[in-house]
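Which chain is which? They are A, B, C, D and E, in the order written, and residues in each are numbered from 1.
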Amino acid sequence: MLEVKGLTKRFGGNVAVKSVDYSVQQGKINAIIGPNGAGKSTFFNLITGVHEPTEGTIIYKNEEITRQPANVIAKLGVARTFQSTHLFEMSTVKDNVIVGHRLRTKSNLFDSIFRTKRLKEEEQQCIAKAEESLDFVGLSHVSDQLVTNISQEEKKRVAFALALATDPEIVFLDEPTAGVNPDETDEMAKLIQKMADKGLTICLIEHKMPMIMRLAHHIMVLNYGEKIAEGTPAEIQKNEEVIKAYLGGTVSA
Amino acid sequence: MLKLDGVSAKYGKYLSIKDIDIDVVEGEIVVLLGANGAGKSTTFKTISGLLKATSGKILFNDVPIHQTAPEKIVQMGIVQCAEDRKLFPYMNVEQNLMMGGYIHRKRKAQLKQSLNDVFELFPILYEKRNEAAGLLSGGQQQMLAIGRAYMAKPKLMLLDEPSIGLAPLIVEQMFESIKNINQEGTTILLAEQNAFAALSIAKKGYVYENGQIALQGTADELLSNQEVRKAYIGA
Amino acid sequence: MNVLTNKKVIIPLLIVLGIVFPFVIPNLYYLHIMTLAFIWTIAVYGLNLLAGYTGYLSLAHGGFFAIGAYVIGILTVKLEMGFWLSFLLAPLVTMFIGLIIGLFALRTKEHFFAIYTLCVGYIIYLVIDKWEGLTGGVRGLIGIPLPEAIGPITFQSPTAQYYLAFFIFLLVVAVIYRIVHSLTGRTFIAIRNSEDLALSLGISTKRNKLLAFVLSTFFAGLAGAMYAGFIRFIGPEIAYTTITFDLLTYMIVGGIGTFAGPIVGTFLIVIISQNLQFLQDYRMLIFGPLLTLLIIFSPRGIVGFIQMQLYQRKRKKQESLAYKNREEETNAGG
Amino acid sequence: QSSGGNGEKVVNIGYSGPLSGAAAYYGENTLNGLKMAVEDINKEGFEVNGDKYKLNVVALDDKYLPNETASNGKRLVQENQTPIIFSPHSGGISALQVFNEVDNFIVSAYSSEPDIVERGNTLTVRIPPSYEGYIEPFSDYAMDNFGKKLAAIPPVTQYGKDWAEAIIPYWESAGGEVVHKASVDYSKDTDFFTLLTNALKEEPDVLFIGGPSEPTAKIVSQARQLGYDGGFIVMDQAKLDEMKNVTGSYEVLEGAIGVVPLIYTEYSGTKEFIDKYREKHDKDPGSEAGYHYLAMYVFVEAMKAAGSVDDAKLIREHIEDGLTNLPDDKKVYDLKHIEENGAIENFIRMGVIKDGEFEEVDVE
Amino acid sequence: MELLMQQLFNGLTIGSVYALVALGLTLVYGILHIPNFAHGALYMVGGYITLIMMTEAGLHYILAMVVSICVVGLLSVLMERLVFYPLRHSPPIQDKVAAIGILLFLEALAQFIWGADYRQMSTPFGQVVEVFGLTLTLQRILIVFAAIAVMILLYWFLKKTFTGRTIIAMAQNREGAQLVGINTHKVAILTFFIAGALAAIGASLTSPINLVFPGMGHLVILKAFVIIIIGGMGSIPGAILGGYILGFTESLGATYLSADYKDIIAFVLLILILSIKPQGIFSKGGV
């Protein structure tokens, strides 16, 4: 469904991503791993429109989206989370998530000022969507709390809910469990699995190998911006080059 | 060497940590475990003086330091490598490291040596030595933060989740490095999610829950504790 | 909830106060000040929409205010157009100029945007000051007519002008309320929070920022037009940065990004500075430190401060409840 | 008017001018003159229709902003029932003229902006003389003594522009040539090297300058530094005596033509005023203080003649009587009469710096 | 040709002052991350202190300048301690308004103490000299050389000394600086002192060729903002270069375009530059 060809990104003289060909498998959990600085986050940023690629093409559902801005890409059904969650701390969890569905609504300033039927309907729709997403990530019980008051892990879930509220077909998750303890990592993994079960396509960056190996259907490995391997978890675990560059001896830890 | 006696601290009006007692003996590696938001980082900030303890005492080599300014604490030999790294984003890697050695600024030769040591520890930093810290990847920044703390040649190093966002290979190397740093004579207080790896190199550990210490014991005791295994090791 | 913070009570109360005000004051000077306060509040609302809700601090606001004033001035004095038509055109023209400037200005961010707009404001001032043929230069424009009567309603008396300003003021407050409490407002807030995040949620930040900018210039232009119609004389100094700083101060004192902030801040300062007049040349000796102190002790302004107090009281209640529960649990467990 | 302590009544006199900000110095000077007059008048009080009155100045700061003047005007009239409001800047005057006829007060205008009395406002009294009378004598003297090439560097204010627009056509019609024209903004610049370098490259014989005395003096001394040795036509806003305080001596000002400073003026009441002012403020008074002092006396005399302290129209009608009845010892200036439009006619006098000394030159 | 040379020199003089003021502003920006509107007031106070020291205390110009540097430096430090330090966690708009409050206060105070009139500062360097057909005064030559010397000194201090580096470090991450053992209070005090001193130097150098009055800082500060934006906020070389660019554009613009629109030039320049490069010319942050 999503395919990139010869994707390259240079920052000045630095090549962060070097002619990567890759295609995402629909409805599956796709993982991207690689040493620090390998270009994983940059790769995500290129696809989701945060950075413009230097070279290469990105095709989503047979449509080229290479230089589209992030908001257009999001509208097409591509959602993402950020490593650090920026939420509006002084408003409630629900209020934060409501805006996630804004891209599916059409009301404009006119509707707002005259409170047209369309606006009221769409507001309801956004609220319903927010509630649904919060329910999905298991946060219904805190939906009326201010964001400042919820825990770090709950904030990460709010970020998921926000992404889900955009009605995506494919979700990019950049280290969603960094700094989360193993117990909670398991919970997050379950949530990711649940998203996949719902039919969403997932792309995931993580350094937590046990989790990746358990969750992912397909793994791509980046090193110095280049794709060095691709395959099932079992294949990747055995790949000499990957072990040397990335995994070391701890694959099973 | 370091003793926390009934320490509490708060952000704004609400207590984040309550009645924390910790005892670190010289030469040890001590691990703090706990869920997110349990209070590990808060403890670190309180020790390094960024946050003032609202009650309790902190003694470093029997000298009370809970009223001491952060920079004095650094001079006394306690250096923290913070969770959010707190690098100087527009300085390049080498300048960041040199700033790490600020308290030894008069001893140029020693700084040079430490710099080389860091580059040896993390070769990637050498490659990137002329690049601005803010442009490094997450993992590279983490290495730089540790390297910067190392430059101060502390007696006690506080490492707050150093393995966050690091590739497995690097994590492995990093625990190796921590062990080395420790063997060179630096005492280490370490907060970690990666409980197994941390406990494997540690002498003892404390488990946090809701801002209080729920459990403490030697590394072996904790490793064999069922609850700890379940919650933090995921086995 | 406290009676004083209940919207259902306070809004009708304020409206009634506004209506009876002309009957309870000792003289018309109060009416004059009050009318001015309404006008300034409208301009501050414009600024708040952009700076408070969208997170872009424009320092050209005084300039747009002046554009509104000058458009109506030029149309009525030089082209001898009717008041109402000019009054309608003034904010629209301002908005159009705002649109063009916004297209460029919004390429910048944060302080760059602030200083960029500061310069835009200064250029607007210089243009007004130098373009004598159009604006009358330093001499300004004199003789802006009174609004023509609408049916039986005439606008000769200060009281009638007061009610006119009050009416427009209420209208603006209502419109702003609807904007900030609708999806449009949420979109603005999302942008203030994090532009990257907003983009990734499919929000066209470019378009929405421009919308906020243009809206803010609209209200500035509207306020400017009202001002010109009220004072009936305008000179280039209304475009000067001091006006922008005044508006900014009103907003900050009231509470940036809060709904009631512009009203509270504007009225408070307008009234205080009138009352400090007896100090004559030393009033800035008092006002400057007063302003600084307020900001140190309540960075989110008066409204922000009250909100915080209310919120903390609520939270404390919850907290103590939760704490009790936890105590009980641990007791039960231990 | 309200009742004072011992059977006396008090008339409030309004003032709105710049008491803070860039123009505060100017505002203070005008207010000083006004206040001194009020103090002097209050020593005795004055009698209107058998009632004894004293004056009380209510001064409000408008930071030179017309909208503030408008608010102040409303306040003065509504709260203090002031029959007269002094305003020393044309923007403020214009703002007051919007409602002074409706609210029934006299605008005592200190500005030689011609517009002010040409709008048909019936309750405006313009105090200072119009500058128009200076154009001819200044130009003629300069052209005769220094040459035909003029470089005009007036200030950017309306006043400066008007002056320039009056003098340039005259200069040209008298056979002179304007070789350079630019304007200066004294609220922003006080270093004029760039400006003067450009003006002097045309080798003018006369420089037309003006504005507040100090920066104007600065222009003169910097022009000298750049080697200029011609004459100067100085707009009436700047005073030669005040300029000397900056340049240090009249030598630098050699060849400057300007209005006669108050301290060199010798009407029947001038000396007394100057002495009193010096004693009180420890500096020489400028004409703005003198005119305000004088104007207050004229208004009091007009009130007496009108038999009213609060009917603005009546007072305005009796200004002419006020001018006539003015006691000799109060004549800081000798004012001739008030015109229909509210402008007070005055004598034109001019002075020059010659051989390092101030010297008055006869006009006519 | 001679005209061009003369105007280039005039531009150099103006540019030197702009650069000095902009440097102070950019330093403070580095630490506070706010445009400090009160900096213009410091400039003004600097002018007055030097003037008063010369007229009332009878000090020599240079000595008076030293006193002024100390007084304004301390005033600047006081400002940091009393206002900006307590505000360090609040959003930048608040600091801006607080700075405006200080500005209003200092101007009113200056007017209260010293009166609102224009004052003239004398200088021992008033002599006119002719060099290569250019007319210069010693004072103007002093401005240029002193400014350049100060700038070189400052650059060396910041880049080459550890103490100078701490300023940069703190600008980039306050807590990070604490963690490596830097006393951030001291650094903040030092920075503000330097910024104040730069304002005082700038004002004392230019006052003899200008006038001293309460509003003298207004336009200078506005232009200093333009400069630090053009030069990239917080950038030292940017501030210096920006100062000279503006100085030259103004003097040449006044000569070859229009003297009346000289002030517009700075602002139009900025608008143009930011419209093309929204991040300024030296777009990296940090000192």
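Just so it is clear, a residue touches a chain if its C-beta (ideal position, glycine included) is under 8 Å from a C-beta of that chain, and two chains touch if they have at least 3 such contacts.
Quick caveat, the model's predicted, so the values are computed rather than measured.
Chains making contact with chain B as well as with chain C: A, E.
Taking the mean of C-alpha positions as each chain's centre, the chain lying farthest from the centre of chain E is A.
The chain with its CA mean position farthest from that of chain B is D. When the C-beta pairs in contact are tallied for C-E and for B-E, the bigger tally goes to C-E. Chain B and chain D have Cα centroids lying 74 Å from one another. The distance from the centre of chain A to the centre of chain B, each centre being the mean of the chain's C-alpha atoms, comes to 30 Å. Inter-chain centre distance (chain A to chain D, centres taken as mean C-alpha positions): 73 Å.
Measuring from the averaged C-alpha position of chain A to that of chain C gives a distance of 39 Å.
For chain C, the set of residues touching two or more other chains reads 281, 283-284. In chain A, no residue touches two or more other chains. Among all residues of chain D, those that touch two or more other chains are 20, 24, 28, 156. Touching chain C in their complex are the following residues of chain E: 29, 33-35, 83, 86-87, 90-94, 96-98, 100-109, 111-112, 116, 222, 225-226, 229, 233, 260-261, 263-264, 267-268, 270-271, 274-275, 278-280.
Interface residues of chain E, counted against chain D in their complex, comprise 3, 6-7, 10-11, 13-14, 107-108, 111, 115-120, 128, 135, 137, 140, 206, 209-211, 213-216, 218-219, 250-251, 254-255, 258-260, 262-263. Taken in their complex, chain D has these residues touching chain C: 19-20, 24, 28, 59-61, 63-67, 70-72, 74-75, 77-79, 90-91, 94-95, 97-98, 113, 115, 119, 156-158, 161.
Contact residues of chain A toward chain C in the complex are 48-50, 69-72, 74-75, 79-80, 82, 86-88, 91, 95, 98-100, 102-105, 107-109, 111-115, 119, 122-123, 126, 146, 149, 162, 165-166. Residues of chain B touching chain A in their complex: 33-37, 83, 124, 135-140, 142-143, 161, 164-173, 193, 195-197, 230-234.
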